[in-house]
Structures are given as C-alpha cells and as structure tokens.
C-alpha cells in the first residue's frame, strides 16, 4: 500500500512535469511537487523559483558539494543552475505576489468543486505553520494542485465545499491526482483525463465534488 | 522550444521592440536625468508615428532635446508623471502652452509606488507629503499617533529600462547610480524592454550580483550608444 | 573620532553584543530554518539569564535544540512570531503546554511587513490571506475591484542577523539562500547586530555587490562557526 | 553683491560642515548644501548619501575619470569613496523614510518660527518639481536648514508663518544663515550664534520669526 501510494505520487509528479514548458518560471510547494524536478528534462527550459530567494534552483548536489547556505524551501541542499539569481525573502515574495511566477504547483488537503484550495490547516488540530502557500495562491499566474485522490482513510479530497480552512479566495486552474486530471473553468470542475487503471465509475464514486466530463475526455499519459 | 531558443528569443532590434508599443500607452521609463536612461529606445520611438499620445512615468523628462526631452519635441508625450520637470525648460513651456499634462509625485513616493505595483501591493501608508499640497485628495490615517497618507501602487503597460549588461536569458546588472529607478520599473509593466550596453552568455553574471532576475524581462535590445570620456555618445556605425 | 576609529568601533565579542539586549525585548532573528541564522549570537543568548522573556520574530524556530530551537529549550522565548513552527516539535509541545505564545503570519507577509517597518511604511494592502482565518480582524478594502487586506509594518528593538562577509564599516554581503530575511531585518530594528563568517578591510567588497549598506549595522560579531563539508560546525578553539 | 552672496553661502556651508561628525550619514540637498563637501575633511568620517542610490559619495572626479553612470542627485559626476555602496531609488528612499539618515541639510525658501519648511514651490508660480526634499523632511533624524538670511529683494526668509507651500509637518532642528545659527526646540526658535559682522539689532530687524536668545549666545565661528 505504501509502495502503491509512492507510485501514485510519482505518477502525479510525472503528469505535471509535462505541463511545464520552456521559459516557464515555476514554484514547487512541499509534498508531491518536490518530486517533479526528477522528471524535468534539463533541456526542458523550466526555471524553478524557491521562495527563500532563488530563481534557477538546480538538482541536489553530490555529497562533497553540499553547501547548507544553498537550500530549497524544503530545507534540502540544492545547486544553482546556469543563469540563477539570488534575492532576499521580500524580493522573492514581491516576485510571487506581483504575478511574476507562471505556475505554482501546490499540494492540498482539500479542493472544492470551484477550485478553492485548503492546504495549510486541519480543523481541530494545532495550526502552527502556514509558510508561503498563502502568498502563492493569489500570486501565481496558474495554480496546479498535486494531490492523491483520497485521504489515508479513503475520504475524497475533491469536495463540494471546503471543510478545512481555506488558503484564499483564488481558485486552482488544474488538479492532478493519480486517477484523473481536472480543469477548473469559470468555477466549474471538468474531468479532462482519466488514468488507464481506473474507470469513470470509480472516479465518480471517489469524488465528492461535482464535475463535468470534457467532450474530448482523454487517457492520462505520463 | 529548447533552452537555446529561450536564450535567444528575447533579443530584438530597437525598432522591433518599439513596434510592440501602441498609441496611447503608458510607459515607465528608467533614469535619473539622463543617467540610466534607455537612449536607444527613446530614439526609436522618436522615429515612428504609430505610438503617439504616450503617458510617460519617469523621474524627469531628461533635458531639453535630450533623453525623454527628445520625445517632448517630437510630440510623442501627452502626459508626464514624475518628480522633477523644472530641469527641462521645454517641459515647462509645453505645460504652460497646454500641450503637456503633468502629475507631480515626490521622488521617493514615486519609487515606492512603482515597487509596490510590481510587488502585488495595492497601496501603502507613508509620511512623505503629509500636510502638503501634494497630499490633497489622499486618504490620511493615524498609525501609532502619527499621520500617514495612502499612496496607490503604479503599474504600466510598458517599461523601458536601461541596464549595463544582460545575459541572453535577460538577467540584468546595472552600472553605479544608473541603477536608480530601473530595477523597480522592470517589475511593474506587462511588457518590459531592457536596453543594455552589453549582452553576455548565460552563466557569466554572478548570481549574487544580478539585480533583475530574467523573468522580469521580455525583450533585450543592444544600445546604440557607447561611453566616450565617460559620456554616452552614439556609436559610429 | 577618525575614520579608523569608526571602522573598528562596531566590532564586539558575541557576549558584549548580547549584553545590549534587555529582558523582555523583541528580537528579529534572521534565517530560514537553520540557513542564514546567527548561531553564535543565539549561543551567547543561551548562556546568559539577564535577557529572558524574549519575543522572537523569525520565519521558524530553527529545529529541535538547534538554532532558535536552543533558546526554546533554555526557556528564553516567551513568544514566537513567524510563518512555520511545525518543523520544530519542541515548539509544538511548548505551545500545547501553554509555555509559548505563537503568532502565525504568511511568509511573504512577514517578509514584506519587516521591509515596510524599515522603510517608513506604516501599512500596506495585499491579497495574501484574503478570505482566510489569518485575515480575521484585519481591515479589508477593494482596489480595482479586488479584495486586499491591510498589514502593518513590523519593527523591533533588536535584530540579530547573519551575513557572509562584513567590511569593518559594516557593509554586508550574504551567501546564496542564506540571504533570506536578513537584509530586511537589518533595516527594521533600533539595534542591529550582524554575525559574519569573515571581516574584511573597507574597500574589499564591490559597491555593486553590497546588499546591506553599513549605516544599517550597529555591531559586528565574528561567527564561532565554520563550514565543514558544507555544514556549519563550531570552530575548534 | 554677487560676490558677497557667494561669501555668505560659503560661510553657511562651512558652519554646517562643523556639525557633521564621524560616522554620520548625511544627505545634502540642492543649493548651498552642495557646497559643504568642500569643507569636509576626508578624515572627518562623514558618509554622504545621495538619493539616486549611493552611500559614500566622493568628490568630483578628474576630467579623465568622469563616468556619467556615477552622478550626484544634482546630476554632476561624482566618485565613490572607499566603502561606498550602490542601491536602487526605492531602496534609497526606504533608507531615507525609514529613519536611517542622521542628518539632512536642506535649502529652503522660507522657514517658520516653529521650524516648518517651505522648499519646493513658490505661490503663483508653476509647480513642476518636487524631487526628494519632501521625503527627506519626515525621514531624516535631524534637519539642518542652509539658507541666506534674506531673499534677493531683502525680505526675511525666517517668517512667523509659512506663506509658501509647506514641505511637510515635520520641523527643522537647526537653521544656519550667514548672520546666525538658530535651533528649534519644542516648537520655539532660539538664537544660538551670531556672526561677527552683524548685530543682534540687525538680526531682529531682518527676522520676521519670533525667537528667543540663548543664555549662552555665542559668536558664529566657521
């Protein structure tokens, strides 16, 4: 089951990697999004922004090249790609809030059928961290949600209305799970792609959010 | 598109770049006097008549006949927003003749409003101007017992900026006080055109020395000016 | 006082520097996790008992027992203001036990509020947090048809920051992502203490590469840590 | 008369130079303040801030070393002192507004007896420039006004109430003219020093503002 969950996360990361094209500036949130760099071709021309002050974040260094002055927002050592630049946290979030990030890929706890995101707090539990997600939600030009279709106890994460605290009034444009790809257009969730190992029936049974089905519904290829 | 095609896709001639400007557009233009001013881009605007009736947001209007002062003479500028126009006597004349609208903003307020515009900040409260004629019509508010006024962020359709060096991705570094308004303006427009003295390969600029990261820059143009005796003069072609 | 005496007057030992902090002070502390954190200054705080009951404004509280996490264990911290405390399990425990007050601010809002505090900006309007629990009690306002909330600037009595190199005047440069919150914090406190890996003569730092000009810095302290295998470890004395 | 006026301006600049001590960060406005650097000892340890983005502005370069990328706020070529730094206009005014400038020396058209400053516009004339003065007025820790005692047509510049547009609600702490040095304490103007070539009677006759006389009134030495 753990293995299966890992495979699902990889599938989600791979699918989203295909959305990222040359010249895009992309911020990857914690969780599944951190798996995406492994599936980006170095020639794909994607620039990773890290909110702690890097544009052009590169892969994990070899052990002997680790420099803990150069870390990702997940606090892991990283390298700098050619053409990278360094800036302060205020300049970094000026870039984020000001609309200069093309895509933010974020994890989430829940997404509503209108695309609203809950990704920082669980009701009734301690709320001791918010990080940069709430800045990315209104700031990025496009938001892609990377999310497993169900919670650990098999409840739907795609819900009619958020029951978890919202991360903002701005909706995601795209949701990728191991079962399906959805778009959100004018506040309506649309099923765009379906994984080969599931069925429309299964997606309907595991999705609380109401969604339309795209006329040209496709298989999800990774 | 590959990495190589990204790195060359931003390079344009001054004329190609200026062709992206429309009649009636609002332009942020970098510089303090003539220092750090995109002279080549200004020359290219002066030579065309498609984009007239421009609103120019810049600290000054250059000097008489020089820098933005050239566009005043060619009749391209409808309105100027900035902090100090007295140093261009043409501007004073044009304003008196009703040929130029002027909006005056304290220099630091202008700089901060442009930064705010680029940083997703709709407005901010500062003390500058409180109790003066320039605060008229502005909301006043007390914080910790002191008076502040509300200034709204500034954005524009186009920014024309001047840097020293660009790499082919569009990362920029500036030269001394020619930095001035350019870094903020690079963040606050839909279309940002950077005129630079020199274009270098990616990797040549120190990541810690880069002032403007490449994602702010849409178009890179090589300057047709060069320094001679420390002063910018047109290159001999 | 001559130029030479200015250039040496800012240098202090960690203990002399920390002695300037008073019981109950509010401290801005630089760093993102342990990266860019003034570890030597934190050690010096941990070793004294004059300045307790501190309010610490920092993105995180380090890790359990490390960085600011050390001061949590020694009982120096009364309240923490920052964006993410979940990564230090001690902080979660202390909060549950009522031993630690916590105020949560989105990371970008925190960064901008500190910049504002240092830049004479009393408050500013942003979209971050609109419609969320963290906007409760905050003024909401519409600009151009979109919802924004008012955030007030943050200042503190003391800032403890970490840079890579200082010249003896106090000009600072940082190392890679260890820059993070440090440059803003340097502007937003009455007393700014900079811990640095290396102190160099005036003139050695490129004026274009300096991130924090010397007038922001009151005290310079040399770090008692050094990098080994890319990780900061205590110097062998 | 022009020569005499020049001598007066030099005297004012020299007197103010003596106020500037080691470690101070000083912004010099247009007009008389620009004469001050000539009277600063390089070992005096004063750091000049220029609002167009320099801390550590040095003297005018030799002709062959002029670089028009490196200018003062008056747009004249300058050099960089050892330890100088360069920053953007927004960072420069963040420094100014945020209270990080020790002294601003400003010219003025009028100063009120409470120390209020009018230094940017003349009533009835075109108002086409404000520059950075209005930012410096609330921002600097201390304001020194450098001003000739009378206008060209021999009217007092130190007046009861401003008749010219104000530059802000913040008062100057010190006023230096060719005749006298005044301080402003708790909204009251105090004559602190008097030039050797004038008299108390002359100062009273040429000053509309009401002022007290310091108990230890001194001669003005330059």
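Which chain is which? They are A, B, C and D, in the order written, and residues in each are numbered from 1.
Rule of thumb we're sticking to: a residue touches a chain if its C-beta (ideal position, glycine included) is under 8 Å from a C-beta of that chain, and two chains touch if they have at least 3 such contacts.
Per UniProt, the chains are A, D = 3-oxoacid CoA-transferase/3-oxoacid CoA-transferase subunit B; B, C = 3-oxoacid CoA-transferase subunit A.
Just so we're clear, the structure is a prediction, and the values are computed from it rather than from any experiment.
Colleague: Spell out the chains that contact chain A while also contacting chain B.
Modeller: For chain A paired with chain B, the chains in contact with each are C, in label order.
Colleague: Between chain A and chain D, what is the gap in Å from one C-alpha centre to the other?
Modeller: The answer is 56 Å.
Colleague: Between chain A and chain C, what is the separation of their C-alpha centroids in Å?
Modeller: Distance between chain centres, rounded to whole Å: 30 Å.
Colleague: Give, as an integer number of Å, the spacing between the C-alpha centres of chain C and chain B.
Modeller: Distance between chain centres: 33 Å.
Colleague: Two or more other chains touching the same residue: where does that happen in chain A?
Modeller: Residues 80, 86-87, 93-94, 96-97, 138-139.
Colleague: Quick check: what residues of chain C touch more than one other chain, meaning two or more?
Modeller: Touching at least two other chains: 112, 115, 119-121, 126-127, 174-176, 207-208.
Colleague: Which label fits the chain touch graph of this model best, line, ring, star, complete or other?
Modeller: other
Colleague: What chain pairs are in touch here?
Modeller: The set of touching chain pairs is A-B, A-C, B-C, B-D, C-D.
Colleague: Any idea which chain A residues touch chain B in the complex?
Modeller: Within the complex, chain A touches chain B at residues 21-23, 25, 42-43, 45, 47, 49, 55-56, 80, 82-87, 93-101, 138-139.
Colleague: Mind listing the chain C positions that touch chain B in their complex?
Modeller: Interface residues on chain C, with respect to chain B: 112, 116, 119-127, 141, 143-144, 146, 148, 152, 173-176, 206-209.
Colleague: Spell out the part of chain D that touches chain B in their complex, as residue ranges.
Modeller: 50-54, 63-71, 73, 75, 77, 80, 86-90, 92-94, 96-97, 121, 126-135, 137-139, 165-170
Colleague: Over in the complex, which chain B residues touch chain D? Could you list them?
Modeller: 32-36, 59, 83-87, 91-92, 95-96, 102, 104-109, 111-112, 114-115, 126-134, 147, 164, 174-184, 211, 227, 229-232
Colleague: Okay, in this complex, where on chain C does chain D touch?
Modeller: Residues 1-3, 5-6, 9, 115, 117-121, 167, 169, 171, 187-188, 202-203, 207-208, 210, 213-216 of chain C touch chain D in their complex.
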